[in-house]
Structures are given as C-alpha cells and as structure tokens.
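Each of the two complexes below includes subunit A, the first together with subunit B, the second together with subunit C.
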Partner chain A sequence: MSDAKPDDGLISINIDGQEVRCQPGANIIEVAASIGIEIPHYCYHPKLSVSGNCRMCLVQLGLPGKDRATGQPMLNADGTPIIQWFPGPAIACGTKASPGMHIRTDSDMVKQCREGVTEFLLLNHPLDCPICDQAGECRLQEFSAEHGRGYSRFTEEKNVKPKRTVLGPRVMLDDERCILCSRCIRFCREIAKDDVLGFTDRGSYTTLTCYPGRQLENNYSLNTVDICPVGALTSRDFRFKMRVWFLKPTPSIDTETSVGCNTEVWSREGKIYRITPRRNDEVNDTWMPDSGRELYKQVEAENRLKQAAVAGQPASIEEALAAASKNLADGPVAIVGSGRCSVEEQYLLKKLADALGAASRQLVSRIGEGDGLLVSADRNPNVRGALLTGLIDDLPKQRLDDLAARIDAGEVRTIFAVNEDLTAAGLSAEQLAKATIVYLGTHANATSEAAAVVLPGLTVFEKSGTFVNQQFRLQKFHRAVPGVPGARDDLFLLGSLLANATGSQAPTVVASVWEAMAAEIGPFKGLSFAAIPDTGVLVDGSAFAGLPFVEGKSLHYEPAGMEAAATS
Partner chain B sequence: MAAKETRILLKHADDPNYSTSIDSYLAVGGYKMLEQAVTMKPELIRAEVKAAGLRGRGGAGFPCGVKWDLVDRKSGKPIYLICNCDESEPGTFKDRQLVHKDPHQLIEGIMISAYANNVALAFIYIREEMPKGARILRQAIEEARAKGYVGENICGSGYSCDIIVHRGAGAYICGEETGLIESLEGKRAYPRIKPPYFPAVLGLYNCPTIVNNVETLCNVVHICRMGSVEYAKIGRPNNTGTRIWCVSGHVQRPGYYEVAGITMGELLYDLCGGPLPGRKFKAIVPGGGSMKILRYDERFKGKNPDGSEYEYGVDDIPLDFDGVAAAGSMSGSAGMMVMDDSVDIMEALANLVGFYSHESCGQCTPCREGSLWAKKITWRMCRGDAREQDLDTLVSMAGNIGGRTVCPMGFSTTWPVQSYVGKFREEIEAKVRENKVGMRGDIRLIEK
Partner chain C sequence: MPVKVVERKPLTLAERTYLPQILSGLRITFRNMFKPKVTVEYPEERPPIPPGYRGVPTLVKDPDGREKCVSCQLCEFVCPPKAIRITPGEIPEDSEYAHVEKAPQEFEINMLRCIYCGLCQEVCPEEAIWLQNIYSVTGTSREELVNNKAKLYELGGTLADKHFKWEKKRRAAERGNAH
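Then we have the complex of A and B:
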C-alpha cells in the first residue's frame, strides 16, 4: 500500500487476488471482464438497466473493515486492511466498485451458487438443444457445461408452456425455453421505447407475453432475439435455417442510413443467412434496426444484374468496358454517382470525372424520417464519403433537374450512372433516350434497361470498402460472400475505366486505392485500409461543417455536437 | 401463577362497548398523543421511538428508530410512509384485529410517525383479502379528517398529511417492502434489488420511504403516551413492548394474545389451554409459516451470566425476538402454528411448500424454480411415490435458494424444508419405508 497511486480518479479493487484499477462505481462484471475473468450472467446486459434476477453472477464480496467506534480503518499487523467478507453472496451485476473492495469469483461458495442456479434453470428447460436455433451460441448451454453439475436430479414432470407463440411479424417465442431474464422486456421499454412485452402468471409458471392487443412489431424487435440468452426468442426469418456453428461472421456496415450501424454478416458457402449487430459503443451500441437485417436478400434478388451488356446484347466484361470507355470519351459526360457507393468507389469515380472533364457530377439524395435511434433521415450511407473524396462539393438533391435541363439543351450527351436509377431521380424516358447511358450497378432498373452499356457490380456483402457515417466516422466493411457469377468488383470496373481514360495505370483494389487517397486527401492522411479499426475512426469533416445535413439527433449523434466530434 | 395477557394495543379491542367509531376512540383518550406530538419537534419523537427500543413487528424485528434514522432527509424529495398491512404470512392474523377493531389507534400511530418523519403523504397497503378492513379504515380516515386529525392543518398545527388506503391484489410477495412499493406504483410486485433500492433512500417513486408494520405503528402511540423509559420496561431488554401472538392449530384456545415477558409454555398452556384432549404437542412453528419448525421435545442450550451452560425446552423459550432466535428459529410475524401428534409432518411440509411455490413471484431463479421443485417432490412423496434420495435432494436444493434471491422470501422455502426434514427425518423415513407418507392427509392428490 506504500506506493503512491496516480491521481487519475481511478480506484483499486481486488478480484480473486488481482489488483485492478477501475472507475469508482464501475460494474463488477465489466471490471472482471477487463482482466479476463468471466462472471457468468444471463439477465445483465451492458446496455440495459440492471435487473438482478437470474442470480448467476453471485460472487463473494468483502469491504475494508472500519472500526465502529472510531470509524478508523481496521488493519492487519502488516498494515494491510482487514477485509470483512459478507456472509452471503452478492450479485456482481448490481455491485458497484468502491475503494478497496474485494471480490471472489472462484470460491466454493460461488461455485455452489452457480451450480445451484444452473440446476434450477435447467429444471423446466426443455432438452431440445438438437433442434434449438440457439444451440452453439446459447449462454445456458455454455454455462451448464461450465458450471452445472453434469447430471440431473430432477425426476418430476417439467412445466408445459406454449412452444410457438408469434410475438410479432419477425419474432417467435418458445415459452418453455424462456428463463425469464427480462432482457427483452427491458430492451423494449428502455431502448426501443415501445413498452410492449411483460410477464403474466406467477412463479415458475411465469410467461412472457405481449400486452393485450399489441404485437412486438417495432423496427428493433429482432434485437430481442439477439439478446435472448437462450432460444426462447427466435427470428422467424432465420429459425431452422442453419446451425450457427457452420456460419462465418464477417464485419460489415448497415447501408440503410447514414448511421452506419456496425453489423456482422453470417454466411456459409457463399450464402448469407442472417445479419446481426456488431457492438460499437460510439455508433450503435449492440443494436440495429430490423430493416437492415433483410438487406442480404438483395444479393440473390430476381433483378440482380449478372451479365455485362452492350446495346442490349450480352457481352464480355472486356467488351463492355471497351464500349463504355468509348462512349465516355465521346462526351460531354455527366457523372451520377451514389451515396451508396464506398469511399473508394467515389474516389475512383471522382478521378474518372476529372479525367473525362465531366460537365456535371452529382449524387442523388434519399431523405426519409429519422427515428431518433438508429435510422437517420439520410438514407444514403456515404454522402460524406463523396464530400471527402471531392466527388461532390454540396449536399445532393433528390431530383436531377439541372441534369435534365442540360440533356435537353444538348450540353450532356453521355451519362455515367453508378447504382442510381435516373428515372427515379426525375429524368424522363425521353431524356434517357437522348443521352448515351453507361450504367454500373447491381440491380436492373429503368436506367439499366435504357443503357448502352451495362456493367454489373457487387453488393456491399460481396466487396470490401469503407463508408463515412453521419459522425464523419470512417468505417470498414468486408466481403462476406463471393460476388455472383458475371458481376465484377466495382473498383475493378471503375479502375479499368479510369485507366482507359487516362492511359495510365489505375488502382483496382481497396488497399491500393487507399494508398492513393491517403496521399491526396487531407482527412485520410496517414490511414490505410488495414489500419482502420473495426469500430471505425473519426475523420476531419470540419470543411463541411457549414452544410445543412439532414440528420437529427439519434443514438450517439447530436447534430450540434458534430463539429466538436469531427475535430477531436 | 398463570401467565396473563398484557393488553396495550388490544386494550379496547374486544370491549363490547367499544366500536370502530372515532367517538369510541376519543372517549378512551384517543388522538391526545397526536395533538401533543404536532407541538413537538419531529426529531424528539424519533429519539423517543429509538430510545423505546421498538422493534419492527412485521417479521425481521429491525429496530424502528434505526429504520427512521436511515431515511435520507437531505435528498430534497418527499418522504413517504407506508403502513404495511399486507399481513400475508401463513398463521398471522394480528394486524387484522388491530385494523378491524381499533382503526383509529393505527391512524393515530401513522399520523404521529408521519409527523415525526416530515411525511406529507402516507399509504396503508392493505391486502386484498381484507375488504372489510379497507372499508373500516377508509371510514375511520374520513372521521379523523372531519375532526382535523388527518389532512390539512392537523390539530391546528399547520402540519398536513393525508392517508391513502390502497388495496393489494392478492399476492404474498406484496408483504415484502420493495415488492409492496412496486405494487403500490402499479407494477408487478417484483421485489427490488438492494443495493441500490433501499426504501430509506430509493423507495416509493424513488423517494425516501418508510415501510412499517401495522402493529409497529400502533406501538408508536403508546411510546408517546408512556414515554420511552416506561415503555422500555415492558418485556425484556432489546425486546421491549408487547407482542400479539397469533396461535393457531392444535391448542384448546387458539387466538391472538398480546403478551410481554412470558415463555412459550406459558402461552401454550396458561393462555391457550394446552393440547387438545388426549393429544400431545409435536411441533411448533413460532413465527409464521416460513420460520424454522421447533420439535416440542427439542432441548436447547443456554448460557448463564457466569458462563455456565444450562438446558431448556420449548416451554421455557422466552417469547420474544431474541428468545426464539436463541432457539434457532425466529419470532417472525408472531404467527404461531401448533401441531400435535396427529400431524403427518411430511404433509405439513408439502402444504407449506405448496403455498410458497404458489406465491413465489417468479422474478429470480432460485426461489421461482426451487420452490416449485420442492413442491413437486414433497407432493409426490405424499402421493406415496417417495424415492430414497428425495430427502437429501430436498435439503441440498433448498440450501441453494435462501440467501441467493432478490428478497428474503427465498428462505420461506429453505427454512421449512431444511428444518422439517432435519428434525423429523427418522419419522419421515420410517413412513416412506412403510409407504405410509401422507396416506390419510387432505392434500393427497392421487389414490395409490
């Protein structure tokens, strides 16, 4: 105790004999985790209020003794404080760190507590792991193996409860599996602000249910499935489709809006089965909207472009690229990029626009209603990337009216459209017919139908890259599955067009695009694709602070605080 | 000399000329203490209650004055007082008498306690099964309000406090103070975790809150009347005042007895008339269904002041908090259940465990799952389908409940299971061998 402690506001506590420094009041489960000690728990969730009902995290707790009469610390002969251990166990989730606190997570009492709770939880829990979707990522399964007694003493009949209760359009409940941890209830109440779940009945017959006349149908309902520690809540989309241990998680980003929820894309043998949130305490915590979980279906959508075409006829990629380059060289060219393209693609597109001397370069905006949580008003994931790369210098508009006027005036004869349907942005079929259109995109639409050249590109799940979200946070996504046959990486297509336009080499893979961007773009200085952390990095967006961005306040985002966040 | 009752709280209760009207109460000097109290400094009243050594009559026996001291008076939030009239512990019916027969005594106790703690709004949480009590209390409050003892400007002092009678919806767990608070807030009565939800700091509506039992609050009136010194002379040190014991089961005269400073034998024989003709006492549950059972032939060891040991039996147990605790049980809610030799102890246990599993709120794992498991085992045993390992499993599993739950109710399964099995194991095992467990009881479910 003689060595002076640094004055950093931290305190020392002792867990299983290890001294650990932490914030005063820190949660014991979190502090223990920080030094690699797992305190098993079910009901505790770092982003929800503490309920303390599962009793799995019971630990022994001791505090430095104080003399009752004098209030002075009680010391051993060697000057160390005498620790007074509580006679009974305490829940770690409800215990806040205080100076000198001692915790035992490995004593016989704690082991017996865990064994007891595990036995109790298994009494009425069905032994249907072989057909349970949660198997493989089930806390009850894991902790039973780790902390259980290994055999059952229960010879009575198990409780019978409903096995298939539809809670809402996307969530199914198996009441027998439910361990009544109340995480889902707390999530709906505290995060989704849609207080719709509750318990009925009492004791071991307690049953999770929706309030009368209500459904669990909010756009965050599937988060309850994620946080359910057992297989009680399952996704109606995913259930019975695939054992989770066959699935490979790939870090990705939700492209729905400029929030840029961090996600994990779960795939097996080139097929995606589900998307779940990936924890990022600066962006989405551990949540994501339901709407973003269905995006994987676009990979195998019916209207997916899988064939390059020239003048409506199937062509090889090489033929299509040559034809596209020729059309673009004919000019004058307008570039219509997309806020759904990656930063890398926008950079190459900008380079291409420069090389072609494009008369116009713009994006198409998508504005919806923000929900104040994880869906922002800007439904493009990467408008800020287009600003940073210089592809555009102002916020995009919803309609391409000035482009229409230029076509009508004969000032634009070729349009290079990337992933945007020009008709949806206000161009008429006549205007499309007046111009030569080169289309690079993933799905067929009116523009690809009218295009002289079609270059099939990849969805976000089939390629790697970065987006810049509403906070000016640069975030990576990785290829989860190979591209559909016939389509090519957008970077390869854009790089090839750029090389054709300039007559010199152009980067066609993410890493080399980043070499060029890091050298050229101030806010990206010193960065490389590999160096961007999984939770992203804030880049300097102060140059655009004056722009009237459309996003309102949402989780971890304050419009007014943007400047400070971006420059910090 | 035969022991007698010491009726203080119940002094007028059974007087045929006494009614629940305020006139009856005023005629015996009622509300005088409130009139006097509101002229005193609140902290003086608190000091008196503390000095009187009044211990909570709800079950835990926590010193009332200390409880009041723990209240956070600096939060700037209102302080609430809740009278716990949920009296749901099996075998307990004392609060019912106080409410039904002398409601104004309780109201005066509440108002004095409210004034002493700067409370502006008090609640009486009364169990659903006491509809008559709720009616009586509501009427009594209106009478008291009309006379200026409840509501605005009490006794002209400028102090105002109202009382709201709130009826429960029929759950045992609402007797647990934080469960009660949740219920009062309109939620499911899930007891709260402590820390942080100590009622004295974060109680009703997250404001500092005092929860006191009916009998405790009634005692406050008499502490004020007698003064702490005189009051503390009743009973033994650290066990001051009277207690109303609710005796049910196999005695000649079951009922409620307000006593002080007597032994269990005096209560059982002198007041209750001893066992029924031809029967012998077998076991006593001293303080409500959840408390550990005492074998009537059990012997205990005590220590004389000089350190020497002496032996004593159940009849010699001093009938107060410390006396019963020294015998290894608790006086709890003073609901004493007496069983004679006609009782099948396994049936008694199954009956109790059935109650506690039915009343487990279901919030936390050990009590929720453990209590129902205990019920399933004991009921199966009573159906004549006992297994060799049942008793060991019961005792071991029950040990995993108590002390590991959100609220103390976990012990309601642990203590009966462990004490009934522990103290009557041979008897149960013999009956199991002869396959005679529960063969004649009322809770037998299936003929075998």
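Then we have the complex of A and C:
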C-alpha cells in the first residue's frame, strides 16, 4: 500500500492475496477474470444488467480495519493492515471494486456456499444430460462437477414441469431445466427491446412465460438460447441435431448486412450445424440477428452450382477458364461485381477490369430497412471494400439501368457477372441475350442460365478472406468447411482469369493477394492477412466520408452525418 | 572383425544313445492322452462364453420394448477406432415414449473398425449398448459388416433393466408434483 501509485485513476484491490489494479466501481467477476480467477456465475452477463439472483458468485469481502478511537489503520506486527472480513458472503456480480477491498474466492466459506447453491439448483433439475442439447457447454454441468457434492441427498419426488413449450418460431423452452437466472428476460427487455418474457408464479412453481398472446419472435430471439446457462432454451433449428462436443468453431462474419457481426460457424466433418455470435465489443457485443444464423443453409442448397459449364454444356474448370478468357478478350466488357465478394476478390476483379479495359464497373446495391441494432440498411456486407480497392468510386445503385442502356446501344458485348443475378438487378432477358455473359457464382439463377460460361465459386463458409463493415473495420473470415466438389475458390478463378488477361502471373491465394494489396492500397499499408486480429482492424475510410452511405444508427455505429448533426 | 571360437563339447554316452530324450517325450505324450480334452470341434461345437465377455456390440430394448438408446452420442465420441456413427432424431409427440424426447434415427457400428474394447458399453448413460457373446463375424462385402440400427436391435434383443429411469419419470409426471 505504501508503493507510489501512478496517477492513472485506477485503484488497488486484493483478490486471493493478489493485488490487482482496476477501475473504481469495476465488476468483481470481471476483475477476477482478468487475472485468471474464475468466479462461477449463472445470472451475471457482461452485457446485461446485474440481477444477482443465482447466488453462485458468492465471495467473502473484507476491508482494512481502522481504529475506531483514533481513525488510524489497524496494523499487524509486521506492518500489514488487519483485514476485517464481513461475517457473511456477498455476491461478486453485484459488488463494485472500491479501494483496499479484499476478496476471497477460495475460502472454506465460499466453497460451502457454492456447494450449497449447487445442491439447491440441482434439487429439481432433471437428469436430462444425455438428451439435452446444452450438454457439453452447460454451465450447470460444469459447475456441478467443479463445485457440487457429487451425489444427491434429495429423496423426494422432483417437480414436473412442461418440457416442450414453444416460445416462438425459433425457440423452445424446457421448463424443468430452467434455473430462473432471468438472462433471457433481461436480454429481451434491454437489448432486443421486445419485453415478452417474464416469470409467473412463486417459489418452485416459478415458470418462464411469454406474455399471453405474444411470442418470442423478434429477430434476436436466438440470442436467448446462446445466453441460457442451461438447456432450458433451445434452438428449434439445432435441436437434437448434433452434440456440441463434435462441433468445431471457425471464426467468421455474418454476411447479411454491412454491420459485419462476428460469428462462429460450428461444423463437423464438412457439414455446418449452427452459427453463433462471437464476442466483439466494438461491433456486435455478444449478439447477432436470427436471420444471419440460417445463412449456412446456402452451402447445401438445391440450386448450388457444382459444375463449370461452357455454352450450357458441362466442362472442366480449365476449359471454362479458357473459354471465359476468350470471351472477356472480346470487348467492350462490362464488369458487375458484388458487395458480397471479399475484399481480395474485389481487388482481383478490379485488376481484371483494368487489364481488360472494362467499359463499365458496377456493384448492385441491396437496401433494406435497418433495425437500429445489428441489421443495417445496406444488405451488402462489403460495399466499402469495393470502394477501398478502387473497384467502384461511387455508391452502387439498386438497378443496372446504366448497363442496360449501354447494352441496348451496343456499347457492351461481354458482361462478367460475379455473384450477382443481372435479371434481379433490372436487366431483361432480351438484354442478357444481346451480350455474352461470363458468370462466376455460387448458386444457379437466371444469369447463370443465360451465361456462355459458368464458373462455380464458393460461399463465405468455404473460403477465407476479409470484409470491410460500415465502420470501415476490416474483419477476417475463415474457411469452416471444404468447398463442394466441382466448385473452386473464387480467388483462384479470378486470379487465373487475370493471369490469362495480362499474360503474367497473378496471385490466387489470400496471403499473396494481401501482399499485393498492402503494397498498392494506402489504407491497407502494413497489413497482412495473418496480422489482422480476429476482432478486426479499423482502416482509414476518410477518403469516402463524403459519400451518402445508407446506414442509420446501429449498435456501436453512428453515421458520419448524424454525428455532424448532433454537434451542430 | 574379432572372432570368438566357441568350444563344442562332445556328446555324452546317454546323449548318443538318444533313448532318454525319446522317453521323456513319450512321457508328455502319454500324460496328455489321459487328461481331459481342452479343444472343441469348432464350428459344430461352440465353446462356453464366460460372463463379461466382450463380443459384438449390440443395442438393447428394455422389458417394455422401448429402445433404450437416446442418441446422446457418447459412444460415438469415446469409440477409439471411430466405428460408431449415429444420426440423432426426435421422438414424435404422439409417440408412447414422447417423454424420452430423443432416439437415434440411424445407428451404425462398423464391425470392420470395431476393436471390441467395450468403452461404448462403459460410457453409455442409458445402458443401451452391450457387448454380448457373438464373437464370429463374417461377411462377403464391406456393407454387410456395417451393422445398422435394425440389425443391432435384432442382435441385442431385450435386457433386464434395473432402473426404469424413464418409466419412473413418466409415472412422476402422471402422479403429480406437477408444476
């Protein structure tokens, strides 16, 4: 205590004999976690309010004693302060750090508390682990093994509660497993702003219930399944599909909007079973929208392109690439890129457009309605990547009317479409028939049917790369499963086309594309794919500050215009 | 290379006559002629299988005819040679056993991979998988040697249940303490 303290506004507290410096008022569970001490808890969640009802995080608190008469600190013979421990335990989640505070997380009293709390939580808990989807990632399972007594003294009949309550279109409730931590209730109230859940009845009759006539059906309902510390809330999509210990998580990005929620893709043996959010305090905290969790179904979709084709006939990739290069050399060429392509693909596409002297380079914009949380108005995940790589220099439009006019005027003979359906973007079948189309994409559509050459590419789950989200945050996604047989990595296809067009070598893997991009693109200077942290890195997007981006305010994002409006 | 010459001892008289060796050999032969037989005339005659023998793994039903497996996939996880493959499934709500909620849609044990270690039986929380006394597995194709769910139940049959865990649960639900 006598050490000279740096004036950084931090205070010193003592956890199990270790001195820790932390912010005044910091949460004890978080401070303990920062030095590797786990205080078990169920109801506490770092992104929700503290309710303090599970009682699992009980610890012993103490303060350095002061002599009542003199006000002087009471000291031991060796000069250390005498700690006066509080007679009863206190919950760590509801305790804020204050100067000189002492905390014991491993005393006999704390151990007895945890054992007692665990015993009470398990009184009426069913022995469901073999059929429970949460088994393997269940806090109750883990803490019962760690802090429980190992056998039951309960000889009475357990409570019987409904086991298959449908709470909403995506969430199912098993009432017997619920430990009444209220995380889901607080999530709906505080984050989703859709206050439909609540407890009814008292004592052991307490039940999690939906408001009569309502359903848990907001676009964030599956987050309650993620934060449920037990198996009470389960996803109806993932229910009974696979045990979690078989699944391998791969860091990825939600591609449905420009928010770029960080996700984890859980797969086993090349099959994806679920998508869950990955914590990133700068982007999505620990949440993600339900709509983004179903995107994995596109991998095994019926209309997936699995075979390269030339003039409607199946061909090998090499034949298709040769035919595509021949068609693209027959200009003038229009390039239609996609805001769903990765930065690397957009960069190679830009290089290809330069090499071909493309007459037109466009993206197709997708505008929806933002919900102010984690779904933004721009439904393309990577429009800003196309701006940074120089593929486009203005915001894309929803319809390719400009391209249509050029086709009608005979100014465009060949169209290279990457992952975009030209018909959906406003071109008519007659216009498509007037031009030679080379299509690189993942799924069959009207454009792929009209195309002279079809190159099958990979979905975001089958390749690695980066996206730039609405904050100009560069974020990585990794390959979770191998590509479907027959399809090839988009980077390989684009790199091969670029090599054919220029007659020299071109990069075809993420790392080598990044070498070229870091050398050429100012905001990417000094970056490499391996060096980008999993939580992303902000790049300089000030050059595009004047563009009228469509996104409104969302979690951790303020549109530039609104900031200016707020300050003026 | 150094060479060590080993001195070869000349044979004794007894060794040269060869009689003691023949007699000691015949002693063993005659002794075994009058002992009880230890071999069996396989395959017409089958050896007795001791209790606890680890033969072919099978799935069993409880005396009520309910399939005991709830497809928790612990055996699939623990299986060292990865011989087990389970497709989990849900028991429909109109089923008699709806309260068990989960049962395997498909359950395959590849007998070309199985090493008869018995870990699946040991790990099973429902006592649904048992290594029983079948020890001779033959087939003419690889597919034939992958036991599917129907085959596994045919081999396993019914086994006495000590716990009736799910039946107790159903009775508790019917009797009350309902919340």
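Going forward, the second predicted complex is superposed on the first by the 544 of 568 C-alpha atoms of A that agree within 3 Å, B and C clash if a C-alpha of one lies under 4 Å from a C-alpha of the other, contacts with A are read in each partner's own complex, and residues count from 1 in each chain.
Throughout what follows, a residue touches a chain if its C-beta (ideal position, glycine included) is under 8 Å from a C-beta of that chain, and two chains touch if they have at least 3 such contacts.
These numbers come from a predicted model, not from an experiment.
Aligned on subunit A, subunit B and subunit C: do they clash or fit?
When both complexes are placed onto subunit A, subunit B and subunit C end up side by side without any clash.
Tell me the contact category for A:I91 with respect to subunit B and subunit C: first, second, both or neither.
first
Quick check for you: in the superposed arrangement, does A:F240 touch first (subunit B), second (subunit C), both or neither?
second
Would you check which partner chain A:L547 touches, where first means subunit B only, second means subunit C only, and both and neither mean what they say?
A:L547 sits against neither subunit B nor subunit C.
Going by the contact rule set out at the top, does A:S204 touch subunit B (first), subunit C (second), both, or neither?
Touch status of A:S204: both partners.
A:E119 contacts which: subunit B (first), subunit C (second), both, neither?
In the superposition, A:E119 contacts subunit B only.
May I ask you to decide whether A:C129 touches subunit B, subunit C, both, or neither, giving the answer as first, second, both or neither?
second
A:I317 in the overlay: touching subunit B, subunit C, both, or neither? Say first, second, both or neither.
After superposing on A, A:I317 lies clear of both subunit B and subunit C.
With both complexes overlaid on chain A, does A:N53 touch subunit B (first), subunit C (second), both or neither?
A:N53: touches subunit B, not subunit C.
In the combined three-chain arrangement, what's the angle at subunit A toward subunit B and subunit C (CA centres, steps of 10°)?
Taking subunit A as the apex, subunit B and subunit C sit 90 degrees apart.
In this superposed model, does subunit C or subunit B come into contact with more residues of subunit A?
B
Who does A:R164 touch here: subunit B (first), subunit C (second), both, or neither?
A:R164 contacts subunit C only, not subunit B.
Once both structures are aligned on chain A, how many angstrom separate the closest C-alpha atoms of subunit B and subunit C?
Result, nearest C-alpha distance in the overlay: 11 Å.
Can you list the residues of subunit A that meet both subunit B and subunit C?
Comparing the two interfaces on subunit A, one with subunit B and one with subunit C, the shared residues are 157, 159, 204-205.
Can you tell me which positions in subunit A touch subunit C when the two form their complex?
By the definition above, subunit A touches subunit C via 126-127, 129-131, 135, 157-161, 163-164, 175, 204-205, 207, 239-243, 245-246.
Which positions of subunit B touch subunit A when the two form their complex?
Touching subunit A: residues 171, 188, 190, 193, 195-196, 357-366, 368-373, 376-377, 380, 387, 389, 393, 397, 399-401, 403-406 of subunit B.
For subunit C, which residues are in contact with subunit A within the complex?
70-74, 76-77, 88-90, 93, 99-102, 125-126, 165, 169, 172-173, 175-179
Give every residue of subunit A touching subunit B within the complex, in rising order.
The touching residues are 50-56, 58, 88-89, 91, 94-96, 112-113, 115-117, 119-121, 123-124, 153-157, 159, 179-180, 198-199, 201-206.
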